[in-house]
């Protein structure tokens, strides 16, 4: 660890020795870069102006790349400058991380990472702690990973860790979509269900927008437009690309499933409406017919023979009851209740 | 058959002799591979760690391919490593097979197959018994199939069997869609119909997602990016590709038919709603008019001349009857009943 | 005509002489094929096993092409084998033809045709009588058509006749869509209209699925991937391709028109529903207000001064009448009736 | 003007002299064509058989192009024959023109134009008077236009005039869509609105179908696949292509606006339905409650103390009035009226 | 500043000196253009005929480019003429600017800018004051910007300023969409909401139509089809392209969000309708049952024993009350109120 808390500079020397540079040595990185076989990894958290000064001085970072660093919210991309490539990627922030960037406040919190790669070095810049960088540094320090001796291998390790972070997000979405479908088929079409639909759609759109350009980044690297990637590492970038394609496939599947679910919802609602209206119609008729009969015998005509029949009243009640029962049965048979 | 139950290693020698290797010989496969004209087929069911060790030692399988084997649920793909291609494909599991992999629990059960092909050998790895592999092995043993003497021919035989397995699934879907259409046009728009729509949609999406990359696999093989496929076998891979295109065409047709059916459903529901509302309106009017008349003659005004008319009551009843009949006829003519 | 009823073998000799081969000569076709300048056309209806044997023996048909012949229901395609191309196409069967193939039982009946072309010969195979083949043979025999002297010209003549058969189908669809639109705008939204929509949609989908690959076939031929097509005939294949593009354009237009019509239907239905509900509301109010008035004067309070007014009854009736008229007018003005 | 009224043959000689050919000279056009520097423009209205004979004899028109002339209703396209290109395009017919071709009877009337271009000549064929051809001939005669000295320039002049004719149609559509939107937002969702939507949609589809291939024609000319277009004229064809792209962009925008308007219509209708149903519910309750009260005091129980209260009747009326007022206020507050 | 108010002509001489040309010198620009190392920037506001004459004389502007200037409303594009490129772009006009061009009167006001670039000069033409041009001129005059010494750098500066102007528009749209979503989920589905949806959709369509061709412009410049752009400036044009892709991505996201919101709206409306109809049904039943009971005891039969019961009346009232309470509770439990 260096003196400044937001800096970690590691150097792996040709023999395999790993050492972290202290503050004073940072100014000498441009010398180290010239030694063949050295692999330098400088990690910067929350870059301040002096850090950017260091990048410009020691790593000849292009003014446009500096501008991107200062503005943030860049699209995932590979920018190629003379002697240097700048890769922008987004990792999924884990719960509890503080300074997560999510362009529109929706979906999983995403952390922007800028990677500067050139002959013999990789510089990673991020805002807030990055779980991806910590995990890869751990592996790099312990040298479990045979890849950790070249820039290409190190770049792969970081990007692979980034992509692996998306799989739990997909699993979570899959579960939420299943639950959503159960709610809709189960008849719960209230406001909360709708809010959930909108929220899942937003997340899918957000993820797609972040991941599609990351796939293009992987493809650019794979097509060997970045000369730092040796032949032996190419299959690894192929694998990275495959994973991103799989993630995007899955997102498209989810989008289609949500669309199917919404269509189903509309159908369910329409069917329910029909059922309700049938019931209303049936109930109206069943209740209005005896009301009409009662109205008839409530008329005040002087000569209404039925009124003086001894059994007039019970018969009238019976007729009403029969009307209710008959009409009720009729509509029941038509499945209108 | 070899000693270990999950291993079958067959070798066809240049002269045409077919022999299965026993456990001891497995460790010598790398020697056999060097003999020109030999064709080795090693089939592994439910690969354990020792099987993977065998693959690494005898067939120089790349660590990434091993990782894919261990993780499973790979996308159908062709991965090219030095001297070896790895092809991932999915067969339709037949009813009764136990360990079927279906990524999201929907659609027909699919079984993942990893094929490692190189000069003179094919290794197939699957989980649970594979009907495809058994069938091809049967044909291979009896050498009915002239193709069974080269790696390309053997690869074709396996993939062709895989693709043929999808046709019954398509037929089944076609029947279910026809039945669905009948149900909807026949007016059955209940929850079970909807559940069936959702289930068919899911299956179509699932199948498309599995088969589209398999078509890309066939195309890769066809474009001769895999050097193991001789000229004489190319038409067979063209045929394989054609079959996959046909299957995907069919899936797209089914998707469009389901969409058309759903649209029809919405129209049917809306039309029904209109019919119901017309009926409700007509019934309301038909019943309320005589009720109003009865209400009028139920008023208690002292001087209501009609009340004392001898024919007042029957006339009132007749007026009500006429109102019901007239309005009923009116709405009947307007086709509101 | 040859002895066997399902065989017609015609040979045009270099000098222009046209002769049909008899049964015995069929076995010598491979000799004829070697003579330069000869053009052989063998037409087979309902191929039996012996016909397929003939194809294999005399024309070296590839096993895969034989398999396609036996399975039928192939996608329209061009398959290239050494020295031979196999083209699969579908003609529209005219009414009255018996054995028409329609993959899903919908749309116009389609007849599958397999064409085998090579240097100096064309073999056409179909099931049931083919109007296309008969018409072309007629022209070929009379040699009206200057094209009939090369394989490319003959192939064009057959395919052009196939494509021309689709135009009447399009005209029929166009009329049905116009009629459908009239029905919907005219308010007929019953089940038969819907069934017609579904049926037109199915037909459009079916035709598109058959014709899109036929366009690809024409394009393949046009791009000169089939070496049998001379320069002079290329414009004809360009014309064939243009016709297929026009047919497909038309199909897409029809699809969009049907979609627009369905949308219109939904709008019409919704508007109608609103109109019905407004009427129901208006009628309910118009009838309930006088009923309420009648109810009031039907109450049995001892001191209801209006009851003993001499003009009480007519005034009450007048109030009811005014209420009906006033409310009726009110809703009429709001256009709710 | 020549003798036959449907022929105009103009020749611009190398020195700039412009002369119209008479009937006798028409048969010598093939001689004129051989003179370098001559530019011949033959315009034919309503081609008869003898005109087609002239085209075949003097301009070596290919049989397929003749067939297209006779069949008409061709797709806009560029057909390339040896030494000649045939371009099919459609102009917008101005009001009052008689014989306008509109494939499906909808949209603006379109006039088909066939242009035959080759070294030193352009032949234009159309049916009915063509405003485009007249306008360009006017300019050509007066030689205002510096372009009028090469075949490429003349072709550009005709096609540019064709494309310019589409802009008024677009403006008209734009106005109709604006008006449509006003009608829908203003609540007019009757049948005439719907008919207008369908009519606009049909026109947009029709125009798109005609213009998209015309853009392809412009692109073909621009890509220099037609060797008659000199470098100096290329920017003009680029301009032509840009105009067509702009027209198509505009059509797509209109299509999207109409779709948005229809969606809005559906939303408006649904919202209106909800409002109506709320009102119906509120009115039902407001009127049924006093009716129930009146019903209660219309019962004939012997001992109903309220009936003999002196203030019974006015109190009952007041209770009814309060019920109406209170419920009315309640629903008013809920915004259900 | 020159004499004419709508002209500003600045020249940066090789040594870095910056001078504005006066009216007399304008006629000598063609001489200045020949001096190597000079960079001329002529800005014209509201071009009049004499300005266009100047452009034609001093900068050899092509007649077609002049025509575009006079017609205005061009699509964003790069037109290449010999020795000159013409770029059409649109800036967002800030509030208060007067003469803003907005093709269809919707969306943010856009100002058309035509840029003529050639060796050593850039001419910008716009209508009304252009904030973009003013800002860049400010920077150019003060030479803060190291880019301001080449035509490519100056062109980048102008286009970058143009693109930066779109970001506030995007932020504004994002806020309006969020607000819209809140309104809809909050149940406000009135006409103003709908008008807002339509207005946002129009704006998105309008912006997309303007920005998509601007991206193509950036891509054309990036692909080095314009020879004026040196290697050192290429990354800047890459950055410009990236920004435009980001803007378009964002627009697509907004479009999808608005679509999701509209779908949600439809679902909300349907659910509300169902809820209203359930309530109507429940209220109808709850009120009609006691009305029926009252009707029964209002009948005039001579012998209705209940009428003479001392407790007849209170019991009847109690039964009515129980019916209301019981049915109310029943529907409450079913969540129909």
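Think of it as A, B, C, D and E in the order they're written, each chain with its own count starting at 1.
Everything below uses one rule, namely that contacts are C-beta pairs under 8 Å (C-beta built on N, C-alpha and C of every residue); 3 or more make two chains touch, one makes a residue touch a chain.
Since this is a predicted model, take the numbers as computed values, not measurements.
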| item | value |
| --- | --- |
| Any chain that touches subunit E and subunit D | none |
| Fewest touching-chain hops separating subunit A from subunit C | 2 |
| Distance from subunit E to subunit B - Cα centre to Cα centre, in angstrom | 42 |
| Whole-Å gap between the CA centroids of subunit A and subunit B | 26 |
| Junction residues of subunit B - those touching two or more other chains | 266, 270, 273, 277, 280, 284, 288, 291, 295, 298-300, 304 |
| Ring order of chains, beginning at subunit A and proceeding to subunit B | A, B, C, D, E |
| Subunit D - residues contacting subunit C, complex | 62, 64, 68, 74-75, 77, 79-81, 104, 189-191, 194-195, 197-198, 201-202, 205-206, 209, 262, 265-266, 269-270, 272-273, 276-277, 279-280, 283-284, 287-288, 290-291, 294-295, 297-300, 304, 306-308, 310, 312-313, 316-317, 320 |
| In the complex with subunit B, residue positions of subunit A that touch it | 174, 181, 185, 235-236, 238-239, 242, 245-246, 249, 253, 256-257, 260-261, 263-264, 266-268, 270-271, 273-274, 277-278, 280-281, 284-285, 288-289, 291-292, 295-296, 298-304 |
